[in-house]
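Once you scroll down, you'll see the structures, which are given as structure tokens.
Shared between the two complexes below is chain A, which pairs with chain B and chain C, respectively.
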Partner chain A sequence: MSKREILVGLIGNPNVGKSSVFNRLTGAKQRIGNWPGKTVEKKEGWFRHRGFSVHVVDLPGVYSLSAISIDEAIARDFIVEEKPDVVVDIVDASNLERNLYLVLQLIELEANLVIALNKIDLAQSMGFEVDHEALSRELSIPVVPTIATKGYGIDELKDAIISSFENPQPPKPISYGEDVEQAISELVEAFRSDAELSKYPLRWLAIMCLERDQTVASLIKKSSIYDKVKEVLGFER
Partner chain B sequence: MSGKSFEALIPERRYEVASKITQRVVKKRETRPSISDALDQVFLHKWLGLPIFFAMLWAAFRWTFDASAPVSDAIDAFFSWLGEIAATVPNEVLASFLSDGLCGGLGFVLVFVGPIFFLFFALGLLEDSGYLARAAFLMDRLMHRFGMHGRSFICMLMGFGCNLPAIMSTRTIADEKDRLTTILVNPLMSCSARLPVYVVVAGAVMGQYASAAVFSMYVLGLALALMMALLFRRVLFGGEPSPFIMELPPYSKPLMRNVFIYMWERGVVFLKKAATILLAGALILWFLSTFPWGAGVENSYAGLLGHAIEPLLRPLGFDWRLAVALFFGFMAKEVVVEALGILYGVEEEEAVSAILANSITPLTGYAFMAFTLIYIPCLATIGIIRSETGSWRWTLFSVAYLLALAYIVSALIVALGHLLGFG
Partner chain C sequence: MLGQDSSINEPARFSTLPRPLSTLSPGEEAVVLFVDGGRGFTKRLVEMGFVPGVRVRVLFSPNPGSRIVEVMGARIALSVGILSKVYVG
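And now, the complex of A and B:
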């Protein structure tokens, strides 16, 4: 028996048409509340597709997941703690390069990703031809071209969400260069021996650790392998 | 290993990967230089940019007042008519409540449905066309000089509509100090609730300079916000505002559907407020100004309260009626106008603005407008400051500094006015 309810996190940069996608996906079945303990608005919606009941949570619009602002922390915590079955990242086709930064961070988080390549009409009118199949190959993530304002590609996006749920394929890690990868793999090795830390995506934990992320740093300080980590970070100097 | 730390290296590598992938999957056709770029040549011009921005704001205000006048007149006529009918109700107390309380107080505020919807229509137009983002970009340099973040300006602009969502929008500011500064000065941005007060007072005492006087309130609020931001930066927080990168969406022809939705969503907030807090305000004010029954306004509960506060405000030239109006105005600033409607309306039958014109000088009127602009955030805004800063200390601080600032600025206006021979 497989689970018939799918939890989806909807994420994307500001101004990519995320609300349009959200509205198109869920229609009138929406609820607005607050994130627990926060004053930030939380929008949720539901839709049914191919016998599945899909619960969509609209995450705040963010450029990155560095967890500096409240919005970024909320989006990141949701993905790390709630572990949604599928994460849909809305990417602005007319502004691909900047949007890819968030995609890369979601890959680090080992989210089960689907990309909605939105605003392809705008991109075309600006003279950009985005090859969505090539993009899908580069990232090994399903990419669905959409024009949310006109409802184009929404059914295909729903299909992609279901099939990613049925055959989850964690995206392949993307190399950040030999020097960085060396440090990452040493940290991952160290993290492996700690049961508490093994709950998290280790590669992501290592990258955050190298970026000196405050939240992750305090997590590691409490863990049993803090001394080993300090040793690895010592390479840096 | 290069000399760089991983902290800087990893984001850099992400950008490199993003750039490489983009090059491989995106083809760029040759295109004519876009209209957007051509427009930005003008709107973001080094010298022309700011004057154009202020011209746009001025146009938006003229539109708000002039174009909405027929709507306001119609609503005004409707409530006068309703008030006359209500006054004929046989029960004396009920008649007084319906005609003086509801029609005199609430009706006096509802007249501003016109300007408020028109204001939001203009803001919606500027927003949907992509111009508002340019305004933020233009102001960024100025904002930085005053120790604020460029993003703050967007939050400040929203404050022209309502401080509540404006303060909530500060969440997009990552740096805590930048954010706190922006929250603290946001109530100085003149929200649409204060508009009715300006319009009534300026209309009564400023004659042909009414529009300019109202506009000057917005400029005064903005100037004070910048000054206080600079002060808070220097004295309380220290440090430089973090750098600001923003994205300019391409210009587009405003979609009327979007503009109407923008106007409707925000305008309806005012109507809802009228049905709840403003109605309650009218009720309370009417009760306090008519009871004990038959005592006359001056000896009513409100009159006694006003006389008790009056000594504090006497140096500014405010009488007991203005004192009562300000006292209840913290519920919502529109209540100031309700109070004027009820306090002056109960007493005499003439139009309220005519009585105002007879009983206060232009100088007092102007000082009163400034005081209303600054003096205390409304109840809802105090609530949101509390929840967004998570601290009662900062909330009380904002209330206290705004009260003090209101007093100082109004006193300066009065003193300067006397010096120049007005008043």
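And now, the complex of A and C:
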């Protein structure tokens, strides 16, 4: 049999039910350690589904991926450097607005996304009825409703992970209007000629660069195309 | 200054004079108007949920220098210094 191990990153805002989903997915097959060189706990687990062996890494709970805090840096580095086959973003259905910001950042990171729309019971008791099919359509991302505490939707989530691994669907990029898009495409062109930078999602790199993201800025300063980037950023303002 | 010069500001109406969030007492509610800070600071606060037009509530004060604030469905602890740069109305 061919090697069919799938690497999955589990991510979400704090308190969305990430640990509950992780435990439901992996059961007793877990290992707790530390992220290399960091004191932050790293939880890994495994499960088998439809003949696949799935390796799940629980990422720290974060509101964003700006890499300002150590938790954010860990989550972002994992997605950018390890390039997991699938990223499951646990979204709290009772607080959709806040949770969608991380979804947006993951889309820009070009992660192969599956959304677990968790706490739908809580959302319902608050009077919210989230149309998960419409959400999935709008984002072009599979959305699986779950109630992690009751195990509801977990099998469907496993199915969705396997389907996304076998058949990745790139989400629609978000357009920022003519001026910004112009700057983005000039930056992407510049990045393309640098071997080190081209291992990152280039559109994401460009957006981070325009946001003056510190981590991305230091990456670019070390690169061969720094002068070209300065030129483009000169147009921007 | 996000919220003062961009279209994101539009939903927030200046019905009262903008005042810093740090001046609200526990139990008081208001609407975020803008964040007064540099690019990185403003982005950070927007990421925490302090988006113009969003309702915020000061829950309590664990010590004189900080407040627990409810914003966009989350409870966040922040120093009075930081809250003095978030303007509400």
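Keep this in mind: the second predicted complex is superposed on the first by the 234 of 237 C-alpha atoms of A that agree within 3 Å, B and C clash if a C-alpha of one lies under 4 Å from a C-alpha of the other, contacts with A are read in each partner's own complex, and residues count from 1 in each chain.
One rule holds in what follows: a contact is a pair of C-beta atoms (placed from the backbone, for glycine too) under 8 Å apart; a residue touches a chain by one contact, two chains touch by 3 or more.
Note that this is a predicted model, so its numbers are computed, not measured.
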After aligning the two structures on chain A, examine chain B and chain C and state clash or fit.
clash
Check the residue A:Ser163 against both partner chains and state whether it touches chain B (first), chain C (second), both, or neither.
neither
With both complexes superposed on chain A, which partner does A:Ser223 reach: first (chain B), second (chain C), both or neither?
neither
Between chain B (first) and chain C (second), which does A:Glu211 come into contact with in this model arrangement: first, second, both, or neither?
both
Thinking of the overlay built on chain A, is A:Tyr101 touched by chain B (first), by chain C (second), by both, or by neither?
both
Figure out whether A:Ile174 sits in contact with chain B (first) or chain C (second), or with both, or with neither.
first
Quick check for you: in the superposed arrangement, does A:Ala134 touch first (chain B), second (chain C), both or neither?
first
Comparing chain C with chain B, which touches more residues belonging to chain A?
B
Where does A:Ile68 make contact in the superposed view: on chain B (first), on chain C (second), on both, or on neither?
both
Quick one: which of 98-106, 134-142, 170-178 or 350-358 on chain B sits on top of chain C after the fit?
134-142
Shared chain A contacts, counted only where both chain B and chain C touch the same residue
14-15, 68, 95, 97-98, 101, 211-212
Of all residues in chain A, which touch chain B in the complex?
14-15, 39-40, 68-72, 95-98, 100-101, 103-105, 122, 126-132, 134-135, 138-139, 174, 176-177, 179-180, 183, 207, 210-212, 235-236
Help me check something: in the complex, which residues belonging to chain C touch chain A?
39-40, 43-44, 47-49, 72-74
Per the touch rule above, chain B residues touching chain A in the complex are 1-2, 5-7, 9-11, 13-15, 17-19, 21-22, 24-31, 34, 168, 171-175, 247, 249-250, 384, 387-388
Within the complex, chain C is touched by chain A residues 13-15, 63-64, 66, 68, 92, 94-95, 97-98, 101, 211-212, 214
